[in-house]
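Take a look at the structures listed below.
Across the two complexes that follow, chain A remains constant while its partner is chain B and subsequently chain C.
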Partner chain A sequence: MSGIVWALAGAAAAVIFAGMGSAYGVGVAGQAAAGVVTEDPNKFAKVLILQLLPGTQGIYGLLVAFIALSKIGLLGGSPADLSVTTGLLIFAACLPIAVVGLVSARHQGRTSVASIGIVAKKPEQFGKAMLFPAMVETYAILALLISILAINAIPV
Partner chain B sequence: MASDMQYTYAVARIRAMEVSLFSRAVIEQLMACRTEEQCLQFLSEKGWGDNDTPMNAEAILTREREKTWETVRELVKDMSVFDVLSYPDLFHNLKAAIKEVTTEETNPNIFIQDTAISGEEMLEIVKSKDFSRLPAFMSGVAQEAYETLLHTRDGQLCDIMIDKAALTAIYEAGKKAKDEIIRDYAESTVAVADIKIAVRSQKTAKSLEFMKKAMAPCDSLNIEALSRAALSGMDAIQEYLAGTVYAGGAEALKESPSAFECWCDNRIIETIRPQIHNPFTVGPLVAYVLARENEIKTVRIILTGKLNELPEESIRERVREMYV
Partner chain C sequence: MSVLQMQRISICAMKKDRKAILEDLQSLGVLEIDTSAVQDEELMRMDTLESRQAFEKNANAADQALEVLDEYSPEKKSMFASLEGKELIERANYLNVAERRDEILRKTNQIMALKKAIAESKAGIVKLETQKESLTPWLALDVPLNYRGTKRTAVLIGSIGSVLPLEELYQKIAEHVPDLDAVDLQIISVDKDQTCVAVICLKENAAALEEALRTLGFARPSQNVSEVPARQLEKLDAEIAELRQKIARTEDEIRTFADRREELRVFSDYFRIRAQKYEVLSRIPQSGRTFFITGYVPKKKAKGLEDKLEQKYSLSVELEEVSEEEDVPVLLENGKLAGTMEGIVASFGLPGKGEFDPSKVMFFFYIFLFGLMLSDAAYGFIIFLACAIVLKKFPRMAENMQKSIRMFMYCGLSTMVWGILLGGYFGDAINVISRTFFGHEVGLDPVWFAPLDDPMKLLIYSMLFGVIHLYTGLILKGYMCVRDKRYVDLICDVVFWLMMLTGLIMMLLPSELFRSISQMNIVFPAAVNTLAKVLAIGGAVGILLMSGRANKNPLLRIALGAYDLYNVTGWLSDVLSYSRLLALGLATGVIASVINQMGSMLGGGIVGVILFIVVFIIGHVFNLAINVLGAYVHTCRLQYVEFFGKFYEGGGREFNPFKENTKYVDIKEDTRL
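Up next, the complex of A and B:
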């Protein structure tokens, strides 16, 4: 495979895996949110925020993919002539957000479900409830940071 | 994990509904009502019953029980997981049908509604002696109990045969269950029932043979040792229980008979309490049904106490622990 194919595969992996994780996380938290809103529609705003938290990984994956595509010139319509080594480097740089995005979004979704349970019973504890899934976000941000730094550091 | 997640919506909805379960504080408010009428008014204000439910205890409590099962049926597609909870009602209907047929009498309201086999169908099965229409765990004992009652006219013997079959069915269902809460519930239910049998047998001086016929085996109790202890006396039962996980039962026995009855129900609530923190699996749903049953039972105790003008202390002693 040529370098550009590896680089494109990396960008695709970032979007696909981080997006899959977010879809699962937002989906499962959405089920829980719907359960609470069925009984108490007044809690809609609070549970919606908790449902959206696992959605950020998908955005991070998209961001990394944009940077990677921009780096290899695909966005401008003039793809760079990449060596296999450079392509593999870009592919490797995309992996942190791809893998951590997938895993963290799933776990964040489950944590959001648990926090929605807190809001269902004690809505005044919303602030504390939001912190639990937000903690999981830390690791997605770390992965995003490394992916961005790595892609930017690769000479093309 | 997929099976864990299939109850996410249902558990969240149950979490929201748990807010309206009666806490100890609400039970105290109900206790503070002076008459049964005031209690019924209080319950009505809390949303118990419907607009068209007559203002009497039985109607309100029956409606509340129906509401619980309506909610669960709405939330869960595969109701088989709740079978274990309905076995006591199912076996009660069998007992009632056998007695109705063998005594050739017709008594109103003897069947519990909302069971897998309705009271009327059960009556028809027993009348036609077509026991093969019953589930496998019921058909054998149904025929045996029917013939025993017909030939001996010993109602108590018929009762213990069916009660033991009910306990065995619960225990077997628990063993087969994938969900931990069903396993724990089955184990606790059978063990507590065995302890109750031992205590009552001791008080009525029943034989070892009788206890063996009535008790169902379970993992957490040695029924042989328990029934021998019952033969020796109440102290021996307490001593035996003190060395098991049911040591609380020994303490309650020392206190009073009603404290012991109370402990028996509290033990089940203790078994399900961890589900209050579980966001996934069917556990919180099962726990909700049991918590509602416990709540209805507690309200029934208070209403009966108020109706019969029992002293407050006497009612308080019988009030069960609440789930929330």
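Up next, the complex of A and C:
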């Protein structure tokens, strides 16, 4: 397999797994949010924010994939001639956000569901409710950071 | 810093002034009533539950009437109606409504009665529709359903609970009543679970025939109507039409009340205010001739309140400082800039006992960090402009909302500054547009540097900002120790930590590890290196020995100290947490350039321009929204977890004054304190 295949597989993995995680997270949070809105439509804005929180991993995945694609020149239409080692390096660099994105978005989604429960019962505690999902996101951000730094540092 | 100081105020006045004084207090809204401490056998408390419930009922009735009006004659509301805030009305207007309350109550009841009439008519229609439905199988019948026959013949009309063809019916009848000769059977209609039949026979055979039919499941129709079904249907239709018309008329009648809306709102608030007054009335202790109010009032308003009351009534007012043990409510005041942070502070928890209000310090860091996370000049400008317009356009917005929007306005400014420093204008839109549509690439160079070219540099800076933020938190803790004269705590919990951390950082900077990460070669003179070691070891030893000082057992004390020393890992993770500044900043920029690139895919030309505009608008609105949310959430997190973790616990009780807590209107005050 030539290097570019590995690099593309990495970019694809970043989008696929992080996106899957976010889809799940936003999905479960959305179900809980819809339940709250049936009871009290005024809480729409608050629960919507909580629902969106697990959505960021998917965006981080997209971001890493985009950096990877532009690194290997696929976006410009003239793909670089990569050695297998370089391709594998890019693949490995994409893994943090792919794996951590998947797992953290799922957990963040469940935390969001619990936080939506807080908002349903005690809307004035919104600030605190928002914090719990944000704590989970930290690890996605750390993974994103390493993925970006790593891809940026790989010489092509 | 700016937690308002409270005083306890005690008012003792004559019962005859009770109503007037309470009304004045309510309209001033500066006093939180707290009479829980007053215990005296002599003093009575009034039971006002009944009148309170009556008032609340009136307020609710008006609310419901307003809902009815909204249903049948909806008001034109702009998208931003929720920003408008409550309407301000003159006190004279309010008193006018109060005077005409009986009349308005009648109107309210009228509206509710009309609504009820509509509901009844609607129920009537449903009933008629059901009747119509049960009549449908019989429409082909040309005699009334309760027709029993002529002089010599009998007619049996009814349904059989299964689907049977005509031959089979004749056959079955013949089986049961073999000697029957004159019978005429007509099938009126067939549907999937019944067959409707009309059977004619001689009167003397009727009983036997009916018996036979019953074995097949024959039943006479439930409705006993002496009209031909088709005609009956027409009648029902006419009745339904009439009811529909009646509903329309009633709806029109309700619409005539639409201009009463204003009145109803004030009316509802009037009773709401009265109910609140009576709630307070039930809590204040009273004797035969006098009554007694005590509670908290902000110190700077206390004198004014005292003067005002003494001028107007003959009463005694006493002001005293609050004692240490009391659970004093917290009210923050920070002016226009730092005041915007109060909402963020309050949602973590108001300053508890002995804590100060962190709003002012937080303000600077919040704006700074938010801007760095978003860091796009165009986005910043959009946020700033949108918030400024909203603030200008809706001056009567609810106070908390106004504060948040003002906060975002400042955040927008900071985002703009960071965007210019780091060179983000809708990501790389300027470069992409000039390259795609004008052939040669131009771009604004970042004033400082582009983060994507040198992410490590921004990462180091992010952590530097983090260290500054965390040090500030620790120093604020020191400030509290100094203020409360806890000098031992100051040395042990703050100075030792500062020594150790500073020492560690100074040891890290010239190391090989730091050089390889940052590509910066920092060389300290030997004296500084020694100083770093002295600071680090001194601090560490201090923490080891002193952290467990509350414990008498020397072994346990050292163990606790060692455990506290372990917190240095907590500091490490706190500092690393600031790497999100870089990550989120990069995310904004990179997604923006993805959008620009997608937009420019079709190249120049008309189609390309149209695609670009569409993608540009949708994409950047999405990116802006998602990243503002991210920046908001993560700035809050850095404040709450990393910064507050160093010195702030919260847990104060919000100041909740006795005031006119309205739902629809604000009443203009003649006097303010």
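The criterion applied here is as follows: the second predicted complex is superposed on the first by the 156 of 156 C-alpha atoms of A that agree within 3 Å, B and C clash if a C-alpha of one lies under 4 Å from a C-alpha of the other, contacts with A are read in each partner's own complex, and residues count from 1 in each chain.
Basically, a residue touches a chain if its C-beta (ideal position, glycine included) is under 8 Å from a C-beta of that chain, and two chains touch if they have at least 3 such contacts.
Values in this document were obtained by computation on a predicted structure and should not be read as measured data.
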* To do: Superpose on chain A as described above, then tell me if chain B and chain C fit or clash.
  => fit
* Asked: Is A:38 touching the first partner chain B, the second partner chain C, both, or neither of them?
  -> first
* What angle, in steps of 10 degrees, lies at chain A between chain B and chain C when each chain is taken as its C-alpha centre? -> 50
* Could you tell me if A:89 is touching chain B, chain C, both of them or neither one (first, second, both, neither)? => neither
* To do: Examine A:144 and indicate which partner it touches, taking first as chain B and second as chain C; both and neither are also allowed.
  => second
* According to the contact criterion defined above, which of chain B and chain C contacts more residues of chain A? -> C
* So, A:75: does it touch chain B (first), chain C (second), both, or neither? -> second
* Asked: Which partner does A:7 reach: the first (chain B), the second (chain C), both, or neither?
  -> neither
* Asked: For A:66, is the partner it touches chain B (first), chain C (second), both, or none of the two (neither)?
  -> second
* Structure fact -> After superposing the two complexes, the shortest C-alpha distance between chain B and chain C, in Å, is 8
* Structure fact -> Listed in rising order, chain B residues that touch chain A in their complex are 5, 8-19, 279-280
* chain A partner contacts - residues on chain C that touch it in the complex -> 344, 346-348, 452, 455-456, 459, 576-577, 579-580, 582-584, 586-587, 590-591, 594, 597, 626, 629-630, 633-634, 636-637, 640-641
* Spell out the part of chain A that touches chain C in their complex, as residue ranges. => 49, 52-53, 55-56, 59-60, 62-63, 66-67, 75, 124-128, 130-131, 134-135, 137-138, 141-142, 144-145, 148-149, 152
* Structure fact -> Interface with chain B, chain A side, in the complex: residues 28, 31-36, 38-40, 43, 110, 113-114, 116-117, 120-121
